[in-house]
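Chain nomenclature is as follows: A, B, C and D, assigned in order of appearance, with residue numbering initiated at 1 for each chain independently.
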Amino acid sequence: MHRPGGPHRSRLPVILPELVSTAGIMAMIADTGTRPGSAADLVLSGIVTGVWCLFVAGYALQIWSAPEAPELHGVSAWRARRDYMLSASGWIDLLAALALPAGWLTGLPGRDAQLLAIVWALKYIRRTSGLTLLLRVMKRALPSLASVVTVFFVILLMAATLSYVFEREAQPGAFSSIPQALWWAIVTLSTTGYGDMVPATIAGRLLGAVVMVSGIVIFALWAGIIANAFAEELQRRHFLKTWDLVADVPFFQDLGAAAIADIVRLLHARHVHAGTVVIREGESGDSMYFIVSGEATAMLAPEPVKLKSGAFFGEMALLFGTPRSTTVVITKPSVLLVLDVADFRVLAGKRPELVNVIEAEGQRRRDANAALRRD
Amino acid sequence: MHRPGGPHRSRLPVILPELVSTAGIMAMIADTGTRPGSAADLVLSGIVTGVWCLFVAGYALQIWSAPEAPELHGVSAWRARRDYMLSASGWIDLLAALALPAGWLTGLPGRDAQLLAIVWALKYIRRTSGLTLLLRVMKRALPSLASVVTVFFVILLMAATLSYVFEREAQPGAFSSIPQALWWAIVTLSTTGYGDMVPATIAGRLLGAVVMVSGIVIFALWAGIIANAFAEELQRRHFLKTWDLVADVPFFQDLGAAAIADIVRLLHARHVHAGTVVIREGESGDSMYFIVSGEATAMLAPEPVKLKSGAFFGEMALLFGTPRSTTVVITKPSVLLVLDVADFRVLAGKRPELVNVIEAEGQRRRDANAALRRD
Amino acid sequence: MHRPGGPHRSRLPVILPELVSTAGIMAMIADTGTRPGSAADLVLSGIVTGVWCLFVAGYALQIWSAPEAPELHGVSAWRARRDYMLSASGWIDLLAALALPAGWLTGLPGRDAQLLAIVWALKYIRRTSGLTLLLRVMKRALPSLASVVTVFFVILLMAATLSYVFEREAQPGAFSSIPQALWWAIVTLSTTGYGDMVPATIAGRLLGAVVMVSGIVIFALWAGIIANAFAEELQRRHFLKTWDLVADVPFFQDLGAAAIADIVRLLHARHVHAGTVVIREGESGDSMYFIVSGEATAMLAPEPVKLKSGAFFGEMALLFGTPRSTTVVITKPSVLLVLDVADFRVLAGKRPELVNVIEAEGQRRRDANAALRRD
Amino acid sequence: MHRPGGPHRSRLPVILPELVSTAGIMAMIADTGTRPGSAADLVLSGIVTGVWCLFVAGYALQIWSAPEAPELHGVSAWRARRDYMLSASGWIDLLAALALPAGWLTGLPGRDAQLLAIVWALKYIRRTSGLTLLLRVMKRALPSLASVVTVFFVILLMAATLSYVFEREAQPGAFSSIPQALWWAIVTLSTTGYGDMVPATIAGRLLGAVVMVSGIVIFALWAGIIANAFAEELQRRHFLKTWDLVADVPFFQDLGAAAIADIVRLLHARHVHAGTVVIREGESGDSMYFIVSGEATAMLAPEPVKLKSGAFFGEMALLFGTPRSTTVVITKPSVLLVLDVADFRVLAGKRPELVNVIEAEGQRRRDANAALRRD
């Protein structure tokens, strides 16, 4: 559940760690292509070391400033620091700070110690909050995946053994043992097909054909299971996130739980910066908006009208199919709920009372506009 | 939303730009296989230049004729021209006209300047109105795709670093630096498997197996997300397009919004040329038709009957399971709504009142036919 | 719509054409590996010619016996013959009969003329009635596929042009022209990756990475669209086929169209040979059966009971969770509707009145059994 | 249908067979890489023989102890033994015991006889109960798969014949006969692309492009069909398993079948060991729990409260959005039904009466807690 301001652990600019770790990883990668001791090597190593210093300092700063993080408000300073250090974020930051020293301590030469900087890539994962999502998806898919993985391993072992039996005489170099044949089996079962080991006998080629087709079937099952689990989890997230927002809009509050559960599926949340033009006069429109929090301004002719949280706008294009009759600008950072025209019509079927309210308001605004123009 | 006549920007034959750009691209491609200065080279270069002239002339003509385009009716001539030039279509046409001069101006030799003609391929995209669709799909899938793409990059970087560590001693030529190893990682992670770089050590092969399987899992997630978003967007389009048509048919107009939302999901729109035989006497039938606009003629025995917009036909095969009792020909360009037999039965369950009307009409027509035959 | 006996065009054994064409194709394939004029060559050519004779004879016989086909009953003999010859089946049979002569007439040497025997493979397609299904699926998926195919071609052309630009200096042999580069592009975009052409420059490899990933995304879209269309079409087929059967069972006939539409989704048709043991005493059971046509016999203790079309059996295991209390054997070729235990419970929620009838009957049978055992 | 204790055939530790067979297979695989007669060979062969002895002993023990298996209670000892021997489990155990002797009897040298030990891999399949699932899925998908498989074979045969025709002159060594070309066709159709055979002519490359794209389309269909069947079968399993559990909870027993069918889709079963902490005080919570069987203890302040089967807990975090107010520990092995917060809200819409009961209880507990704290 994304809340505005939620992902900011401290006051540090939010995207800085990713930029810094990208620079560090790029330098480390490029450095492997230089001659040791050359000028390029020295510069790139310097960048890596510099980035590492930044991460050490950053980690210290994060620990120190942890009590100021908004979501840890009301917790004692030491508890806040401990919480940060034990969070996934904290562990990744610690790992990033320990990357180079770990290499030095184990006595690796400098250029090799630097390779451990690759753990800085973990900083990207933290950023997308994707780790939690992927873990939930995997947990959901696990029981079904288990049986497919088992079948995968059984086929892998059988294919390797059979290919060894079929090919060891024709190609004693390539298929010299089952561990060698296992490499062929995995390369073929995943349809990667490097071509470094290729069956030459008829039996081996028939086996190869079966392995390729099995590979595709197994990965089809695999893909189906994971994609299903992913879709379900995303739907669950959307439902929960939108529910919280819908419950904050007075317009929906009088509805029973059944109606809200229906509506939540049709709405989509959007976080909008101040200054964004959501609706532009004269354009054709295919959605209307409810303001959850923040403020929008409708640029009406005699004087602009402020729309506060709880208000809605953009309904006229949906009701009458006309172009947008006015421009609406967001004047404070806002959270909007968007209702697409297709979903509006589904809603009109399921919850006519709601749409009647919107229609009455739309008609009232239209009449008001017409009256203004007559004056 | 496809409206008849909508995609025609001007009176130019609609498919011409695609044919011309195909000829130009084919000539350009073939020209790269000729010896510079040979007869074939001169002919093919000539075709490319000719096509370019056509596109320049076409662009000028489009600007000049923009005010005549039907969907810009009522707009001032200059505004219509500006609108065309700023549309996606206008930008692609401009790019096509600038392709060769851009090459010449940057001082490329003639044969190389010609390669820029490849931008003419963009003309195909405009044609399918697919760009808008694909952009909407991508926008819908973006938040979910982001986390998978992040994981993809993290695995890619880690795989490259590890393979460099494992393989650099065994194959100092191939795995000489991480940038080199990145090429192996992407070729393996996408299961392309060229075979130009293949791990030779046991650790490298284990890593390879993990990378292949990860690749398939990541792309399974990717595929699942995109396919889901695509399906939802297509459903939305179909709903909106059919809704507009259903609302134009008097037969459906008395129904409430809830009933229409149900029906819209069951109907499919079809644009039909004059002269098309929709139903042929004696064939077995599995759908009935509602006329949104246009005209159809039922070839009945004493004299043909004209069916105007709002009428329906083909219901008897659905009601009585008999072969088509008459031939129906479209006599003016028409828009039909098609109701499949399976959906007809679903509709009979959900909206019996509608099907009763159809049944009464079907029975009336059957009796009329029988009476005619008795005479 | 499969009807019992429907696929039998005549009295010829149904599977014979497939066996014969398999033999012919195998012989033709094997013959390409023999030395011309060797004994093996002569034998295999003889088999191919023999199979061809059979197909010529078969085609003549089919034309002659067409009027006896059950689904053409009541049609004049000549009309029946014409109908057969113009059907997909007829065209494939004609093609099979013309395969070898077509080769001889165009002056191909004997061994090459034989290669045309590959068209016999089309006989398999006729058999699965899959051609119609696949055509309907493709028609359904066409509009969505079109835009993806367009994007596919645009990427293919751009990738080939760019790879030619990037690689022509580093590898003038492999990337000598855009037609050459197109081969690399398709091999990479489909992630086949033969490895015969591999980019060597940094720009070429970056392009390669983008092409591989694009390939997977495009094919993910493609797969999603086709799989969706396939699933919808299969559902439609199942609905229609089951609907016809449900309407024949008196037990369901009193229900309204809405109830039948619900039930049809839960039932699965099964064609059963005489002698099949559908239920075996003492086994645990997870489905019940309705007899659409044919006859079953319940092996009850004092004397077996015949169950005619319209009856149902197997409900006790679902109602009471007990093992099957009796064995039921099919005594005439039958069509059954199967109701799974999960779907039975869904039905109990949606249509309690139906399940009450089944429960009453189940209770009656149980009491009768108990009474018999008491005696 | 998993019941606690169900998968235990006898009192032997459950995971032992898998560990032993893993050890045996690893030794057999490693042994193929050793020099015959070397020390390593002798040790590894010894392990394989030892594992085989264990399997022989295990099979005998299983037969002997079969009557003690809980699910065969009440059956005569000989019948229980016969049932075990004829079960899938029994057959796999027999096969495992016969692996080595089968090799010796057929006169294979010792090292080759050992290769038959690969059948021990089948022990993994038994463990996941995945065999039954996969067989049911395949049975469900069979009719649709059949037509795709047919098309696959037709394309394979045609591609091989055409590539032979196109390439035999350019590459007489590689494409020397259709059986050779078949290997190219399957490697290309599955997009494996070893690169050992690559078309060189223009016609051959166009054919190659078509084959690659066909391959992806066919496997997309294949994947779609299998994934669909898998998803349906998993849903069916979940429905049946949860239904049995829901029917055991008094809280749900008063509901009609329709309500239960709704609820079953929202609940997920979880088997929990004694000692597990299901809820921890102060954490945020996103699910509530119903106890089907077993016992949980809520660690309330004055004295812990025991929750028996039929009770529910964790509802307060869902109702009031507060952190968990108490820790709940499982004190006897239990089966729980989990209700996620998203599903709870869906349930609130569909079945308000149920949620009212939960709310009343939640409010009562909250008041009780507050009263306790006031004291």
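Quick note on the criterion: a contact is a pair of C-beta atoms (placed from the backbone, for glycine too) under 8 Å apart; a residue touches a chain by one contact, two chains touch by 3 or more.
As the structure is a computational prediction, the values presented were derived from the model and not from experiment.
Asker: Between C-D, A-C or B-D, which repeats the contact pattern of A-D in over half of its pairs?
Answerer: Selected pair, repeating A-D: C-D.
Asker: Residue numbers at the chain C-chain D interface: does the shared fraction exceed half, giving same, or fall under half, giving different?
Answerer: Different: fewer than half of the residue numbers at the chain C-chain D interface appear in both copies.
Asker: Relative to chain C, which chain has the most distant C-alpha mean position?
Answerer: The chain lying farthest from chain C is A.
Asker: Using CA atom averages as chain centres, what separation in Å is found between chain B and chain D?
Answerer: 40
Asker: With chain centres defined as C-alpha means, what is the inter-centre distance between chain B and chain C in Å?
Answerer: The answer is 28 Å.
Asker: Spell out, as numbers or ranges, the residues of chain A touching 2 or more other chains.
Answerer: 179, 191-195, 219, 223, 227-228
Asker: Quick check: in the complex, which residue numbers of chain B touch chain D?
Answerer: It comes out as residues 192-195.
Asker: Which bits of chain C are touching chain B when the two form their complex?
Answerer: So the residues of chain C touching chain B come out as 144, 146-148, 150-151, 153-154, 157-158, 160-161, 164-165, 176-180, 182, 188, 191-195, 198, 202, 205, 208-209, 212-213, 215-217, 219-221, 223-225, 227-228, 236, 239-240, 243, 256-262, 264.
Asker: Which of the residues in chain A end up touching chain B in this complex?
Answerer: 25, 28-30, 32-33, 112, 115, 118, 121-122, 124-125, 127-130, 133-134, 179, 183, 186-187, 190-196, 219, 222-223, 226-228, 230-231, 234, 340-342, 345-346, 348-350, 352, 355
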